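Below are two complexes that have subunit A in common, paired first with subunit B and then with subunit C.
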Partner chain A sequence: MKLRPQLNPLTQRQLARFRSLKRGYWSAVILLITIVLSIGAELLVNSRALIVSYEGNWFFPTYDKYLPGSTFGLGYEYETNFRELKVFFERQPSNSNWVIMPLVPYNAFEVDLPAGRYPPNAPSLSEKHYLGTDTTGRDVLARLVYGFRIAISFSLILLICNYTIGVALGCAMGFWGGAFDLFFQRIIEVWSNVPFLYVIMIIASVIIPNFWTLMIVMVIFGWMSMTWYMRTSTYKEKTRAYVLAARALGASNARVIFSHILPNSISIIVTFVPFAIAGGITSLTALDYLGFGLPPPTPSWGELLSQGTSQLESPWLVTSVVGAMVAILLMVTYVGEAVREAFDPKKFAYYE
Partner chain B sequence: MTSYFIRRLLLVIPTFLGITVLVFAVTRVVPGGPIERAMNEALLAQTDSAVMIDMNSVAGAALSEDQLAELRAYYGFDKPWHESYVIWLGRVMQLDLGMSTRYTEPVWDIIKNRFPISIFYGIMTLILTYAVCIPLGIAKALRHNSVFDNATSAVVFFGYALPGYVVAIGLLTALASAWEWFPLGGFVSDNFDQLSTADQAIDILYHATLPLIAYLAGSFAVMTFMVKNSLMDNLSSDYVRTAIAKGMSFKRAVFRHALRNSLIPVATSFGQLISVIISGSFLIEKIFNIDGFGLLGFESLVERDYPVVMGILVISSLLFLVGNILSDICVAIVDPRVKFGENGS
Partner chain C sequence: MHLRMNPMARALIALLSALALIGCGTNDKDDPRAETRRDVAQEIISYPVGGVLPNGLAWETNNEDPIFASADAKPGGAFRTYVLAFPLTIRRVGPDSNGSFAGYTRAGFLSLVSLHPNTRNFIPTLATHWAFDDDGKTVYYRLHPNAKWSDGTPITADDYLYTLDFMRSKHIVAPWYNNHYTNQIVNVVKYDDYTISIEGGSAKPQDEILFEYSMGPVPKHFHVLDQNWVRENNWKVEPNNGPYQISKIEKGKYIEFTRKHDWWGNDLKYYRHRFNPDRIRVRVIRDVNIALQHFFKGELDTFGGVLPEFWHDKFKGKDFDNGYIHKIWFYTDNPQPASGMWLNQSNSILSDRKVRYGLAHAMNIDKVITTVLRGDYRRQHTHHEGYGDYSNTSIRARAFDLTTANTLLDEAGWTERNDLGIRTKGRQTLSLRVTYGQSHHTPRLVILREEAKKAGIDLTLQLLDSAVSFKQMLEKKHQIAWMGWSGGGLSPRYRQFYHSDNANKPQNNNLTNNAVPQMDTLIDKYRTATEKTDRVELAHQIEQMLHDTGAVIFTFKVPYTRDAYWRWMKLPEFRGTRVGDLFNPMGGQFWIDELERQSVLDDAAPQTAPVSILDTTYFSE
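Now for the complex of A and B:
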C-alpha cells in the first residue's frame, strides 16, 4: 500500500520541471514563507508582548484579551504599554519579572511621537523603528508588514472569485455555445471596454469601500479575462478526439466536463495565476495610492506610497515601500515565468 | 472578408451604446454630483462656519426650491437617467459633447487642448519601443540561452514586473529628488516661452526623460518577447531548415525569410496607433504632474465633472473599438494567409 496519493505522471513531470527552474522555484519558496510569516505577523510585529512573566504567572498577550496596566502593577486601567513595562521591569533587577517583545515592538496603528521631534522620523535602531515612522508617527515596517498581509489576502481572494466565475462561465460558454455563448460574448465585450479603474473610482468615491465591498466591485469588473481563456480552451478541447471517444462511450455532459475537459484546461488556468496575483496587488495599491481604496487607517502600501511622494525629503518612506513592491512583484513574476515554462514548454530548435 | 469587417464595424455600435449606458447610469446613480456641489457652494457662501449637518435640510435654506429645479434642469438632472441619456446621445450624434460643469467651457475644447501632450508621449513611446524591442528581440533570439540573452531578460523582466507608477515613483525619488538630475515634473519649464527653439526641444526632452522611462518599462517586455518568440518559432520551422539545407547563408535565411514572418505579430498593435492622441496613464501623469489626458480624466472624475468624464469615454472607447478593427485589417494586409470570418473565428 502506498500512503502518498499518486499524482498523474504529467503533473509529476510538470512539478519536476518547475523545481528544476531554480529562480522561479526559490522565489516560490521565499514567497510562501513570507505569506506564512505574514499570517502570524502578530507574533513578529506587534506592540503587545509575546510573553510576560509577572510574579510567577505567565501571560501571552498577543492573542489574549485586553490586559489593563493594573494587571502588572502599573497604576492605570487602559491597556498595558508593554514597551514601557519592559523598561520598568528592567530597572528593578531584583524582581524576576521579565517581558519578551516581538522583533518590532510596534503595531500598525499606534502613533509614536518622541518628544521634541515631528514625524516622519528617520529609521533608528535604538528606537526599534527599523524603517522609520510615517507622517503621523506610525512605524513604517509594521505598516508594510500588515499592508502586505492585506494586499496578498485581497489578491488571493480576488483570484479565487474571478477564477470561479471565469472557469464556470467560460466552460459553459465553450461547451454549450450557441445563443448563450453569443449573449455572453457581447456582455464581455462591453464589460471589458468599460474603463475599469475609472468606474471603480466613481463607485469608491461614493461608498467609502471596505475590504469586501472593494472586493465585490473588483470582481464585477475582473471576471472577464479568465472567462475568455476558459471559453477558448473548452471550445478547443470539446472537438478533440478523446472527448468524442468519451461521448461515444456514453459519458454524460458532467463527466465530460469534469473528468475530461477541465483537467486538460488546468494548465492554462495555472499559468495565469501568478500574474493575476501580481495584478491584484498592483491595482489595490494603485487605488490606495489615489485614495480610492481601503479607508484609513488601514495599513496599505498605496497609502505609504502617496505619503512618500508628497514627502520626498523623507526618502525612507518611498524607499521602503518601493523596495517591498519590487521584491514581491519580482518574485511573483519569476514564479509566473517558471510556471509558464513548466506547464507550457516551448521547445525550440536553434542553430549553433 | 469585406463583409466580415463591415459586420465588425456594425458591432461597434451596440458595444459603444453598452459602454456609455453603463457609465452614464453609474454617474447618475451615485450621489455627490454637480447639484450637491452647487448646494455645497451656496451653503459655504452663506455661512462662513460651514458645519456639515444634514445636507438637504440646510441646503434647502441656502437654495430655494426654484433655484434647485433650475440647477437640475441646467445639469440635466431633472429627468430620469434613461431620458437624459437619450438626450445626451442625441447631442453626441451631433458632435456636441456638452459643457464642462467645472470650467463652463465646451468639453471638446478642453479635450482638444490636451492632444499635443498625449501625441508627444504616445509617439515617443511608440518609436522607442519599436526601435529598441525589435533589434533586441532579434539579438536575443539568435543568441538564445547565452549570457547576453539571460542578462537582458533579467533587465526587461524587472521592468515588466513593476507597474509603471512604481517605476515612476522610484525614478522621481532617486533621480529627481535625491540627485536632482532631472526636474520634478511638469511638461516644460516655466521660462519655456523665452527659450530658443533648440533649447525648447531640449527642455521638453529633459522633462520627458523620466516619464518616458516609466511608460516604456512595462511595454518593453511584451514586445521584446513577442519578437523573440516568434522569430524562434520561425527559425525552427521547415522552410528555414530547407533554405539552410540548400546552402543559403544563415544570415540571409534569418533576415530574408524568418524575420519577415516573425514581424507579423507586431502588426497586431498598428491599429491602436490611432489612440495615441489620447494616450497617457493618469497615475504617471499625476506623479510627474503632466497636464495630459490621463490627468484630465482623473481630475474630472474627482470633481464630478461628468460631461468631461463622458466625453473622454466617448472618444477613448470609439478609438479603441475602431483601433481593434484596424489592427485586424493591418494583419490581414501584412499576412495574406490570415482569413477573418471564414471559420467562425
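Now for the complex of A and C:
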C-alpha cells in the first residue's frame, strides 16, 4: 500500500484496468504461481526424498550432496534410491525410520523400467507416474515440469537480452537520427534476412548447443524486431513539447532519454512482452522437436512432442505435452491481450 | 573444356554427335547406322590383347550347388516400396552417389562371380569359369559369351579394361574408387574378347582374392570421360547388365524399374525363378510413420520391422488380426556389423586400461536389451561375429558388474566422489562424452548413462547429425564413439581398425587410436598369410588381444530380418536364405499374386487366423 503513492497515476489506472480484466489477470496469477513453483520444482518433483529420518538423524537430501546407499544401511555406494528406501523402511514396522517423498517421486532423467513391461508405460496412480512414462521409461510429468522451467527461463532471459539490445539501439536510432539511423536501418534490414533456422541447424550440427550457446545464437538473430518500434516511438516522443521543455531547461541527453522518452514508450515494450515470451517458448520447443535444440537427455517439450508424434499408439505422450503447451501459451496470450488493453491510450476500446 | 582438347578428339566428338543425331528416334538394334557408331566408339578405345594365357590353368566353375528359388514363383506384378529421401543422383560413383538409393542402382550391375547365399560358395555370374595363378594374386576369368548391356551391346573384355581407366579417372571425383582400382586391383589383362585376368595388390588365399578382386564392368561405349562427367551423368540412365533397369524417373516422387524380358541371364541356373516382379516402384516418403500408414492402406507391399517398436507396437490392427497382413521374423547367419563404443585411447582418461575395463563393467548393455530393445537384439562379444571359423567364440564381453567396475576404478585412482556422486581424481571428473549420430539411439544411451552413474561415471551424450558425428570420429576428436561398422567380406579385417599405422592420424578407421606393437605384428602376418588355418589362428589371437586392450565395448547384434507383408506377397517354401533380405526387390525370391491383391483390397478375400512366422533355420548363438 505504501508503494502506491510513488506510482504515476497513469500507471495506477493502467494496473487497475488490468486487474479488472479477469481473464488476463487470473492467467497472470496462475502463470506466476507456476513459474514460482517451477523454481522450487526439486521439492515437488524429485527422486530425492524431502526428509529422511534414519536412526534418530534427519536428512534433507533435496539440495544436499549425493547420499550413497550405504548411509542408510543399503549395500551400495551409488546414490540412494529413496523410493526403495521408503519401501524398505515400511517393511520393518518396529523401526522408527521413515521417508517423506515429494509429490512426484521421480526426477526427469532416471529411467523406471518395471520388469516385463516396455516403455512407454501408460499413466498409473499406483506407480505415481501420473502422466505415464516416455519411450525410455522416464516420468512424463517430471520431464514436463523441468522442461517448462528450462523453457520459461530460456524465454525470459532471451526476452531481457533481446529487449535490452533492441530498446537501446532503437532508442539511439530515433534519438540521434541522421546517418546513424540510416546506417543501422540498413544493417537491420540485411541482418533480418539471414535465414535464422538454417543458421541454427548448421551451428547445431557442428557443436553441441547448450543453454547459453543457443541463447547467444537466438539473441544474435532475434534483437532486430524491437528496434523498429522503439525507433518510431522515440522519433515521435522527442519532438513533443515536454521533451523540448526538458531540453530548454538544460537536461542532458541521458536525462531526456531515461527520464522522459523511455517512460513514455514503456507501453509499447510492455505490450510486446507476453508475445515475446510465448515466441521464445515455441521457438525452443520447435528447435528441440527438430533435434537442433538442447542436447539429450535435457528434459524438453519439443523432444517429448517428437516422441509423441512418432508414438501415437501411446496417446499420453502427445496429449500431455500438447495440453501443457496449449495451457501455457493460452495463458500467456490472455495476459498479453489484457496488457495491451490496459495500456491502450484509447481508453474505451473494445476487444471482446 | 573443348578448348583444351586436341583437334583429333574434337573431330571425333563432332562425328559421334552427328551420328547420334541421325540415330535419334530409331531403334538402335535395327539401324545399321547404329552399328557404325559403335564401331567408331570401339576404334577409339579398343584395348590390345595383353598377353598369352598360361598353359595348364585349372578352370573352375560351380553348377552343383542347390538353387535358391522356387519353381512355383509366378512372374509379373508390381512391387511398391519406399525410400526416405529422393536420391541426389543415380550415378554409381562420384559425389553424393553413396546414399540409400545406391543399393537399387548398384544391384543392376553384376560382377564376375557372386556368393551363393546359402552355401557361401562362389557361383558364376558374368564369368562362367575362373582359374588361379600360382602367384597368389591373379585370377583368370572366362566371360559369359551371352552377357549383354541393357542396350544390347555385348559385354566383352574391353569393358573390364575400360573399368580400370574409368575408376582411376579423376573426372569421376571418387577417391575411394581411384584408390581401390589402383592399389587393390592392380591390373587387368585381355587374352581375347572373352578371357581376362585380374591382378590384385597382394597375395591372399584363393577364396579371398576371388571375392576381393571380382569386379563389375563399366560400359565403355556409354561414357565420355571429361570434367563434365559428374554433372552430365547425374540423371542419365547408364546401361546395366542386371535384370532390372530404370524406366521412369519422376523427380522428387518416385523411380521405377522395369524387368528386362529378354534379359541375358534369364535361363542361367541360379537366376531362374528369381526377379519375379515386372516393375518395382520406389517412392519417396519422407517419414517412417507416414510410410507405415501407406503400408496399412495397401500402397506399399512390405514394411521392415527390425526396430522393436514397430514389430511389437505398431504392427497391429484388424488387417493383422484378419490374416491380411502377415509377419515374419527370419533369423539369418551372416557377418555381423561391429557396433559398439569405440574408446579413444589417446584421451587422457581413457588411456588407462583399468578405466577402460571399469567402463566396460559399468555398461549395462543387458538392461538396454531387455528393456527398450524388448529382448530382441543380442549382445555382441567380439568385432567379428558370423565369420565362421574366423570368429573367436571363446571371448565373452565384459559383463555389467558394479563391484568389479568400482574396484577397477578405485585402483585407477578415481577414488573420490563429488557432490553428484561422480568420481574424481585430483581436479578431473570422470566425465566422458559419447558421440553418436542417430537420434533413435538416445533411449539406449540414456539407460547406459543412468546405470553408469552408479559406478560414479558421468556420460554426456553428444547427438550430432550423422555425417558430422562420423566426421568427428574420423578426426579422432571423440572420447567415446557410439557407432557400428558394417560387416561383410569372407574374413575379418583388422588393419584399418587396429594397426598403429592409422593411430593418431585423422581420416581413417582406427577410432580407438589403437597402437599395440604385438598386435601390429600379428595383423601384418595375418594380411600376408595365405593358408586359411594360419589366418584363422592369427585372427583368434588378434581378437583376444583386442579384448585384452579393452579398447572397444561391443554392444548389440541383430541376427535376423523382420517384415510385415501383405498376403499377396508370396515367399518360397524355404522363405529365405542364410544371408540377405526376404523382400529384397532387386534380387529376392518372392513373387506377387496380383489377383489376390485385388481381392484383398476389394475386401473379397476370406479372412484367416493371424499369421506370424518365426523361422530359426539359420539361428546360431
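Rule of thumb we're sticking to: the second predicted complex is superposed on the first by the 339 of 352 C-alpha atoms of A that agree within 3 Å, B and C clash if a C-alpha of one lies under 4 Å from a C-alpha of the other, contacts with A are read in each partner's own complex, and residues count from 1 in each chain.
Assume a contact is a pair of C-beta atoms (placed from the backbone, for glycine too) under 8 Å apart; a residue touches a chain by one contact, two chains touch by 3 or more.
Because the structure is predicted, anything quoted here is derived from the model rather than measured.
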Using the touch criterion from the header, give the chain among subunit B and subunit C with more contacted residues in subunit A. B
Looking at the overlay, what does A:I203 touch: subunit B (first), subunit C (second), both, or neither? first
Examine A:E77 and indicate which partner it touches, taking first as subunit B and second as subunit C; both and neither are also allowed. second
First (subunit B), second (subunit C), both or neither touched by A:D181: neither
Contact-wise, after the overlay, does A:E127 reach subunit B, subunit C, both or neither (first, second, both, neither)? neither
Can A:L329 be said to touch subunit B (first), subunit C (second), both, or neither? first
Between subunit B (first) and subunit C (second), which does A:P315 come into contact with in this model arrangement: first, second, both, or neither? first
Which partner does A:Y289 contact after superposing on A: first (subunit B), second (subunit C), both, neither? first
Doubly contacted subunit A residues - partners subunit C and subunit B: 205-206, 309, 312-313
Would you tell me which residues of subunit C are touching subunit A in their complex? 288-289, 308-309, 312-314, 316, 367, 371-372, 374, 402, 406, 417-421, 439, 442-443, 445-447, 449-450, 453-456, 461-465, 468
Within their complex, state which residues of subunit A touch subunit C. 65-66, 68, 76-79, 109-111, 113, 118-119, 135-138, 205-206, 208, 291, 295-297, 309-313
List the residues on subunit B that touch subunit A in their complex, please. 11, 14-15, 18-19, 22-23, 26-27, 30-32, 144, 157-158, 160-163, 165-166, 169-170, 172-173, 177-178, 184, 229, 232-233, 235-236, 241, 244, 250, 283, 286-287, 297-298, 301-302, 309, 313, 316-317, 320-321
Residues on subunit A engaged by subunit B in the complex (per definition of touch): 186, 189-190, 193-195, 198-199, 201-203, 205-206, 278, 282, 285-286, 289-290, 305, 308-309, 312-313, 315, 318-319, 322, 325-326, 329-330, 332-334, 337, 346, 348-351
